[in-house]
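One structure is given below, represented as structure tokens, and several questions about it will come after.
Labels A, B, C, D and E are assigned to the chains in the order they are written; within every chain, residues are numbered from 1.
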């Protein structure tokens, strides 16, 4: 079996294992082992990828495996990775791994919980390795549905409402995507010949402009919903706030990245001409997302809402950057995805842990936690600092790459919008520091808090793993950036060749 | 036998009968009269078939046979319908169609 | 009659033979052994089903009155499989005291409807088609009214038989007009003589409404919900999958072979009605509490999606429709199987009764969930593939707007499917359905459904086979 | 070429120390962690002095000019072929000078803190943060490119945030730290935009390329005009915005006085000697671009500096919290430096302002750190920040008293202390360039002398105050740094800056301009005299004066209501009129739309239920009319 | 006006009048009788069209079978003298409009079309031909439908039995009639 398919197979085997074990206590171990293995696999993949590139393999996608599936429609099971997918796979395995540990104390229907969680992960992994639009779409939908159960069963607050809203909005998004990919499919051979779902093959032809005008907005908005594009972001705050910890982590950390990645792989990559013509509309929307999300976060009282809005803002930046059709900005977008994935997963993990102790997420009901649970609080501060783009953490690298890249755009409109988007860094600082100040600093407000215990070992595993990687990217971004950049190079060349500015 | 009568006459007659049957189906309250309306409808179709057959395609017998089978089917249908109607009467003690509406919305 | 003729006709002949055997068994068996006729019917139908998979020659019999091709055979096989599943699911219900003596009638009627459907599919002549249609309808009406002591059952029966007679009246009127303008009732001759004139369109529309009635296409669907609710559960599932599937098969065959000339008209017709069907079906389904009624509306909207596959007059559309019906049979029978099992065990059919079902009957809940997801078109179950191909067909013809409407409708559909999932998995209940162990037939049938739901999608070979067979309609 | 590669360890060592103390500090003994931090700093102080020696006295000069040496450089993040962030060490006169300043002051502060922070909870955290700060500050001054500078610019910001909020359980400290961070962050946005503009025009971040007077970067970009100013000017103004924020110039000065909530040694290090002069350093670093490409921006620098210095000096006269007075004094002095840069030219004597600015920076670092540390010793002794609680302390704190006096004299510009020389040269430079600014600076010089001696007299002389416990002189760990710094302040005037730190690296001749110097000394003495009269003994003059200039006093006392203005902007405008409406909009309009869709679907579903009436005939009616309508539609309407 | 035209119009008038009476009569038994008249008149039309066999079938099966069945069922379920409430005005109005629209639509469409008689000579429809066609397996032979309809009739019979058959102990006693 090829290495990429294993990313789907290992979770499935893990699920089987979970179903088979009798003792519910072993469920956790099985999941942890499975996802640990997955993490190791991701590491191996990264290594293999980098060494293959070093060895001079300049194919656009590596480890390509192509199996004809539905022959008559030319649907293939095609997997392959470039630097971007490798990065996303690593991110996913990290977040899932951390998520398993963050949900160590789930008791209610434990087996089902971990099965759903890993099923969700399967969908995400499958999505990232696919280079066939059909399988990509299949895995996308696969990832959405476990979400419903996870939020609906193990969530809190108005969980049923939130779960339903989230699912329906995401499926609505997938409706647009479906129409989009069908449109792409039927225009994938304008000069006659075999229609195809293969992204690489489609990218070699020019989809007729009339089709692009129709299908670019559809696919972009479709994936944009998942990427929390204004005004379709509203599933995100409610969904996050009701979801259990690990689900929030996975959701904000990984699932929202499907949006950015998909928009990049499908909407932008396949229809660059339309991007050039229509990007201004979406640039406006995304920059609204960026600013709006940040402002929205300022006045929220629920920790998860704050982070949900912050995710809107950060993910808006991803979509913003990929629309720039500029290698640097796109590199930044990919790094931002990874960075945001890690940061927000960390945030949600911490919020979950804090909630597990205080049983509230309202910041004004808490205070002075730094004194009682220093470890978690310090981690929260670190997450906050990373989120506001402090150098040394991944957020800075991502944001700066985006801003510098976007600012190289030859048209003044795009540069002005870049400046507007850049101003979000200040607003981000405002809401992050507000939370830190109210939640962690100051005198302890509640006597009950005094007997809290600090993080347990599994919580530490979860949190430290994430922090390490955030810092790793922040301190040594060059390898990631060059890996992604070199993967983007051929794509950009192709786009620019088709579409010279 | 039918000289001087254009085919349209038959067709119009059938149409009138057909839509009278429809009207009956839509307005009669008694299940049995509704069934009778159905018979009107089927009868009108038969007239159509036969008229077409005789006027336009007299060398074949499709229309006639179709009518024949329609009559047979109508009989079977009527039998089953009537047995159900009787059952309805036992259950509801009425065969007023408007009262047979336990299930709705 | 040569052996070849027999082989071509074997589906129908075997079914007739089966019907007669059941009848004889009924007549000559003791009163206390009558329930064995159920077993006999299942075995007989099983034999027929298996026999259907042996290759058979294509061709026409009775001067073109009866046509058989591989794809028609496949359709019959699919219906047989579905019918067999319904048969198996019925066993538990028929064991009840008030039904056990009528078991052989039950099976006899079902087999005769199956005969009707097979003739309908194989028809090469409108008389054959009409008789098949009625044979597939009239016994069903009796079965709907089967439960003699329930008002709702009688009501369902009368609603079905009267509606269907009205619809067949209109259909016949349409056929008479078509006959009047073409002079033939043979499919092959009509298609050649068809011109796009008003009277023929009128005839076509009337014909279409008759079929639309069988498929429950809006606005010809109104009988559906009431009949589904009132009928015994197994009859409901039979109606919703087998009857509907047969009608869909027949309609697509007739549209593709008899009316290719007016493809523009029927595409428009189907465009309008499919949008209506999906939307209205979904809007009604949202509010349903009774699960049978709920599944009735869901099956209406499913019919709307299936219509998308009609939009292209080519074999791809044909294949997509057949494939979807196959999946739909498995999915819907899965869902109905669970409803049946619970209804048999507890008599509960309302959504509230399903609250907390997962905690008492996890397996049934999971089957229900998978079936509903398949109906909703969620991967990895087969419904996803089926829907995708249907949409592909419509998109191929450039009907992107229609596809978009359809996909948006699947969201509404997903909403109400999730309501059931929510009831089973999320809601809490003071008085949940007690744990019970279903008997073997139920489990067997559900197992097959689940296997079908899972395998049909991933095993692309199934779709490819269907598609290759679809070249000759 | 001399080998200076080891200089990379100068910033790295504190970073390692930070990691060590941050990750494992809570497991170490307090004393050990303090000593570790201090020891690390001792090493890099020595390294810095060696580097300074090597650079100034052994490095090769070309054309008599000091060269910019890139001692170390790696590419950290590649954006495009030309644009990349490097991390490295750039040595040139100003960065080497800053090395000396930072390591010296930091080292002193470390030693001082060992005594000052003794027994505090979070001792090791404190030293970890200090190490982080040292790392960041050193990285900032040694930056080889503007983006590296921005990175460390942010990092010093966050270290400052962490240190201001060191007493995290004290609400005032928490809000002060938050304020400091956000205000500077806002300014940094300007810096970032400036960088973006600059890089867009010049396609480089590299300082050497950027500041080469004959290079392409300076030649480029000045042509494009936007709103009357060249793009280069705009970008330099934006870059300067970052400087305003960090250096607490008007209107971003408001965070600095509040920042005094942090431990006093922190104020000495960060908010007096090093971080706050980063703005000055930034302008000095970019100076060739300012003079050649963006003279207008340089003028802006001058005016902002002049205004801030005057403005802060006035406020300083009215404050009673000694740390706040010192904070305003810092603002005022930094205004001086910026003014000096703003009026400077490039090369030779033209660059007098530049040299003066750096000179003043150096001197200021010494004496202001000394003042703060002295203030710390005082606060340590009397447990209060307010001079109303103090008086007559000269008896109790002799060492502190003497060193404080030296510092006050230095800042007042009394010869032969260092402040005299540096201030004199600033004034001279201003005189040659802009008479108005020159006049302002004279006034500020007087005010400075006045307010410094105001606190000096209030603390050490003034009324005899009764203390709960008799104040004690600080321990040697605290007094030794005072003495060292006092010596530094006194003697640093002797360093020949005109030979070492000049705008083009070449030495030039400069001498005391008596015409400028004598009046300035006199003005200083005048200020001291007034303060002597008013505060030497307990008098009512201050109250009377305050009553006379009631409104202006009140305005000045309330810092011209700048804080209130900021509060208004943040609470009223951002929170009330932007964020809350946004949140409301999101809940009700955006979310509401989604809910409305669901609601409409539901209610449509309810409305049309009549269709399914249960009436067979109604069904048939719909059936029939449906058929008829379809027929009409497809026969007559849409064929 | 020749005899057959008179005949035709007479039969047509009867059919139309009695059809209408069938659907509006307020007495159910009368309605059934009117229906009988309609069916008989129709068979007259069949005679006119020279389809004697079918006319005979019409008379026996329809008039003799179905109508009798209907009358029986009427007797089982209604009082003979029972008068119906007339259909509601709204209902009649709407139904009439719909039916009229449909009728107009159909008639207009039918009249729109030019029917052209075939030139091929008509076949003499005698019993032999009918019998042959009915049992022929070739083109224009109807043996298959003929066979299948026997299944249909069997099924209908079984269906009627299945509905009527009592099975097991009744849970609820049927409220009125005791049949069988």
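Just so we're on the same page, a contact is a pair of C-beta atoms (placed from the backbone, for glycine too) under 8 Å apart; a residue touches a chain by one contact, two chains touch by 3 or more.
Since the structure is predicted, the reported quantities are computational estimates derived from the model, not experimental observations.
Take chain C out of the picture and the remaining chains remain, by touching, one piece. Counting steps between touching chains, the shortest path from chain A to chain C takes 1.
Using the contact threshold fixed earlier, the set of chains in contact with both chain C and chain E is B, D. Using the average of C-alpha coordinates as each chain's centre, D ends up farthest from chain E.
The chain closest to the protein's centre is A, with centres computed as averages of CA atoms.
With D-E and A-D as the two chain pairs, more C-beta contacts join A-D.
For chain C, the chain with the farthest CA centroid is D.
Averaged C-alpha coordinates put the centre of chain A at 65 Å from the centre of chain B.
Note: centroid distance chain B to chain C, computed from Cα atoms, is 27 Å.
Here the CA centre of chain C is 77 Å from the CA centre of chain D. Between chain B and chain E, the centres computed from C-alpha atoms are 5 Å apart.
Among the residues of chain D, those in touch with two or more other chains are 609, 612, 614, 616-617, 620-621, 624-625, 627, 631, 635.
Shown for chain A are the residues in touch with two or more other chains, namely 168. Residues of chain B found to touch two or more other chains are 11, 18, 21-22, 25-27, 34-35, 51, 56-57, 60, 62, 65, 69, 73, 76-77, 80, 83-85, 87, 90-91, 100-105. Interchain contacts give a graph that is no line, ring or star and is not complete, per the touch definition above.
A list of each chain pair in contact follows: A-C, A-D, B-C, B-D, B-E, C-D, C-E, D-E.
Taken in their complex, chain C has these residues touching chain D: 158-159, 162-163, 166-167, 170, 198, 201-202, 205-206, 208-209, 213, 218-220, 222-223, 225-226, 265, 268-269, 272-273, 280, 283-284, 286-287, 412.
Those residues of chain A that touch chain C in the shared complex are 69-73, 75, 134, 137-139, 141-142, 145, 148-149, 152-153, 159-160, 164, 167-168, 171-172, 174-176, 178-179, 182-183, 185-186, 214. Those residues of chain E that touch chain B in the complex are listed here as 2, 4-5, 8, 12, 15-16, 19-20, 22-24, 28, 31-32, 35, 38-39, 42, 45-51, 53-54, 57-58, 61-62, 65-66, 69-70, 72-74, 76-78, 84-85, 87, 91-92, 95-96, 98-100, 102-103, 106-107, 110-111, 115-118, 120-123, 125, 129-130, 133-134, 140, 142, 145, 149, 152-153, 155-157, 159-160, 163-164, 174-177, 179. In the complex of the two chains, the chain D residues touching chain B come out as 609, 612-617, 620-621, 624.
Here chain B touches chain C in the complex through residues 11, 14, 18, 21-22, 25, 31, 34-35, 38, 41-42, 44-45, 48-49, 51-52, 56-57, 60, 62-63, 65-66, 69-70, 73, 76-77, 80-81, 83-85, 87-88, 90-92, 100-105, going by the rule given at the top.
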